[in-house]
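Next come the structures, one after another.
One chain, chain A, links the two complexes that follow: it is found with chain B in the first and with chain C in the second.
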Partner chain A sequence: MATYDTGSLSARFGRQFVKLILVTTVIFLSLPVLLTFVSSFAAQWVGPLPSGFLTFTNWGDVIGGTGVGADVSVGSSLLYSAGLAVAGVVINICVGVPIAYAVARYDFWGRSWVNVFAILPLAPGIILGIAFLRAYPDLSTSGIALVIGYSLLKAPYMVMAVQSSFQSMELRRIEESSRSLGASWLRTFLTVIVPNAKEGIVAGSIICWTLAAAEFNFSYIVYSRGTPPLSIFLYNNITNASFLNAAAAVSVFFLLIALVTIALQLVGNQAAVRRL
Partner chain B sequence: MARISFSEARLVTEGFTLEYYEQLIVDPYYRTIAINTLWFGLATTIVSITIAVPVAHALAKYDLRGESLILTVLSFPNSLPGIVAAFMIIVLFGNTGLITNIVAAFSGRSPIDLAIATSVGGLFFAYLYSMIPRALLLLRGTYAEVNTDAEEAARSLGATPLQTFRYVTLPQIKPGLIGAFVLVFRTALAIFGTILILKSLLVWTLQIDREIAQGFNIAQASAMATIWFGFVFLFTLLALRYTSAEVSL
Partner chain C sequence: MATITLETLTKQFDSTTAVDAVSLTINDGEVLGIVGPSGCGKTTTLRLIAGFETATEGTIQYDDEDMTHVPPENRNVGLVFQGYALFNNMTVRQNVTFGPKMHGVRKQERRERANELLELLDIRELADRAPQTLSGGQQQRVGLARALAIEPRILLLDEPMTGLDAQLKRSLRRELGELLDELDVTTLYVTHDQEQAMAMCDRIAVMNDGHVEQVSTPADIYESPANEFVANFIGTTNIVATNTLAGAVDTETAPDQGSTQNGHRQLAVRPDDFVVGSGPIEAQIANLFYLGEQVQLIVTTGDGTELTVHCDRFDADGLSVGDQITMDVETSRIHAVNETQ
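Showing the complex of A and B:
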């Protein structure tokens, strides 16, 4: 250790420099979040910093609805989005778990292709939205389109979470002992494999739910009338409402993410928390 | 969707025409947009990876206080949609933005002149805001696999930290770098919410939206979407085939 050459420039300043970048990045990423949250309690923001603490008018406007501008309350949007996202997650569990299982357990032709397609979300929201508008014109104004779109867009996250859980299990051995004890294939899958992967499934569901509840691009293209999903509500607030109201609306969303992060930590899936 | 883009009629899908693709190739307007999208995506990708590498390096190698808090903060923006990222940039660089006002206080100029949130510069930061965490996601995984023995050997043989990084660490994280490049570049091309709010540069996704919003020219929008899809698909495929990158989001 002591024999390290300490005379060069990078030995003396390299570490400080790298740390500086780290600190700058952390500040760049976290400062606006904090500011937004703090300012949502402020009465006005005219100077460099918000002032007039502590008021709940902005939160009141967001939670109760104002009747002007972004006129619906967050409650209905949140509930609507939550419902849509739950439906999307249910589809994802039904589709994602078998896919993850097949890829992790079996060797078949095109396996790596399935893997690539399942994991890479190839079409982003806006592209998928356009596809939906014309492929199913009757559906596109209803919540069904949103549900299907959410599940398609977020399926990769489910597959990844479940797959990492499957990969840490000795699938073949578990399956063979269960089968040799007389359980049918379906019973093995449902009562042995799935419960063992519970952690991955729960983590995957939480991640999919959050991402679906926050999905904007697809909702923006497809949504046309009725209760706006949460992301559209945020968009309306950011573009049409006063700055501090928007800050409160965005803060509602932050709280949601924070809750989900805590939920993930309770489930104990550290990897999933990082990934989110 | 691809079918619609070849359709002749405007409101129903029938017939076959290449008119909309021809339009995309011939019209210099669309060429400008394509070039905008590509150079901006490329520039932001390179910058965000350049920033993410030292950050991942610090997280992997140094003993940091509050490391789990830092990790949470760094991965938080991954779950924010683009519109929120845009709002974050307005908070920092807008007319009342904190950084705008700090700079204004030091330079004595009006904050209104200095606000860059709705300029290309602000958009650049907004892209970085959503891209750095994604690049980190991959790079941290790569760093976890780096062989530290080789690095220590290099150091004790007299290499400076920079040389060690250049000749020992960098070759090891190369697959991760390529993977991050592919992922982040795709993210950059797909960004839509951010640009919808900041609106400072006309990129491909924004134009798709305009085709629909103004005149419901869905055939043109579909043609653009098809091209987008084809481009990203080919790009990913080529990148994965000709490099040994391990992309796992």
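Showing the complex of A and C:
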């Protein structure tokens, strides 16, 4: 049996050291988010820390659209971005899930190329944005351009999340069992394969929606007029408003992301609980 | 239920012939086993019958109906895999009613059918559970109930007990055997486990390298293997030349068919057909393995031939490696075998 030297440095302090690194990293990463959220309820921030708690003035300004110097309220911008991201996720599901299935299930000529092309849009949004403007100059002024761009940019996250779900399943046997029981290929795919990959689809949707709703680079290049996506709204107006107003606007976005994430996870968990 | 007939069925994958002109009949209500080593073509044959592979040549008939090019969903076959492939997004009952639903059976009727099968397989209380919360044995029963729910023309079992522990395998083997007898459903049982096949099947087809080497009852295959491959694959066999058994074998009456090697006929003798204690064959124990009910002796005869011998554990009392023993074997227990082509 293996024996361990309990007197060595790694045995005595290893676990504590890892904990310390972990806690430090978590604090370092979450502090800006936490500070922004907390400061959105402050009346002023002149010293090292915000002060004058607790006020909802900043939130009122943001939601009412009066304080951030914008010609539209953050609410409409937020809803617009949320809608664009939802549309992007729907496209990602419709296109990404079949691609992930084909790559995970079938061995066909060009399979590795399909896989590469599904992941290729991980290219920076700014590059894709310029290419989009060149290729589809007429489309680029509409929301459709943003939806297509978001879905293209975020597709790899959907494909990878769903693919990992498929890879943990006995796809061929499940498909063949279903077909031997009388289900057509399409019915098998829709009623057996896709529901079995629900966890992957939910995870992919959370990632795609969150990243699409906050996408800046592509939006900055492609957006030209009308209601701005949230990221553009924040960029345009943070400089015109007080930091505390901007903090409230960002906090609204954080909250929305948290709510969507929790909602999607609940959908996934509900499916799991129903099965138990 | 149906009689399944394969006529010169062939399947090629690029330059590899997985199934080579196999002709086979599975009679109505019969349980036919296909056994053979990995890569011999047994699973490909099953997949051809199910419709998941397209035959390169030959035909598949269900009764008088040509099914060679019919898609799998229209063949009405029940399929049980090694991993059961249950649908984890459905409850046990939903798994069982899925097939009848696809066949357009009304809700009430498919629910009744599912309850009947779950009762028959003694898993009624698991009806509302999720498949992934069940043990291997329970999952196997669900897989079987699901396959039987469509009242299949043929039930295809592809290594359904692989991965289960030995005790569970034994109890499920008995239950499955009784169930198939009771339902009288035409069944193809593909396995590499010859013991399972011997215990459960009415007839066995031994496959090797895409060919069927022998089709017969389990007893006939064990007692009268058609060739060296079957003799070696089904159970343990000693393939020896006649002179090794000199004295024990009446060369006048010993089987005279079969091939020769170095001028001597090839003979097959099962390890448990030797009688240890007295007889004309002298040998030295090279190794000894205690197997529980039996003891396996590896012995070397005077001409240097190594034989595997099984004897009762009480008869092996006092024997040890290096001991000289004498053995006998009845001529009627010796079979001539052809070398495998």
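Just so it is clear, the second predicted complex is superposed on the first by the 229 of 276 C-alpha atoms of A that agree within 3 Å, B and C clash if a C-alpha of one lies under 4 Å from a C-alpha of the other, contacts with A are read in each partner's own complex, and residues count from 1 in each chain.
Everything below uses one rule, namely that a contact is a pair of C-beta atoms (placed from the backbone, for glycine too) under 8 Å apart; a residue touches a chain by one contact, two chains touch by 3 or more.
Because the structure is predicted, anything quoted here is derived from the model rather than measured.
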item: First, second, both or neither for A:30, with chain B first and chain C second; value: first
item: Contacts of A:174 with chain B and chain C, given as first, second, both or neither; value: second
item: Chain B versus chain C as contact partner of A:196, first or second or both or neither; value: second
item: Partner chain(s) touched by A:253 [first = chain B, second = chain C, both, neither]; value: first
item: Which superposed partner A:107 touches (first chain B, second chain C, both, neither); value: neither
item: Most chain A residues touched (candidates chain B, chain C); value: B
item: Which of chain B and chain C A:184 touches, first, second, both or neither; value: second
item: Shared chain A surface residues [contacts with chain B and with chain C]; value: 275-276
item: Residues on chain B engaged by chain A in the complex (per definition of touch); value: 1, 4, 13, 51, 54-55, 57-59, 62, 64, 70-84, 86-89, 91-92, 96, 98, 101-102, 105, 125, 128-129, 132-133, 137, 140, 155-156, 158-163, 190, 192-193, 196-197, 205, 208-209, 212, 218, 221-222, 225, 228-229, 232-233, 236, 240, 247-249
item: Residue numbers on chain A that touch chain B, as the complex places them; value: 1, 3-5, 8-11, 14-15, 17-19, 21-22, 25-26, 28-33, 35-36, 39, 45-49, 116, 119-120, 122-127, 130-131, 133-135, 156, 160, 210-211, 214-217, 220-221, 231, 234-235, 238-239, 243, 246-247, 250, 253, 257, 260-261, 273-276
item: Contacting residues of chain C [partner chain A, same complex]; value: 50-52, 71-79, 81, 83, 85, 87-89, 91, 98-99, 102-103, 130, 132-133, 146-147, 150, 156
item: In the complex, chain A residues that touch chain C; value: 170, 173-174, 176-184, 187, 192, 195-196, 198, 271, 275-276
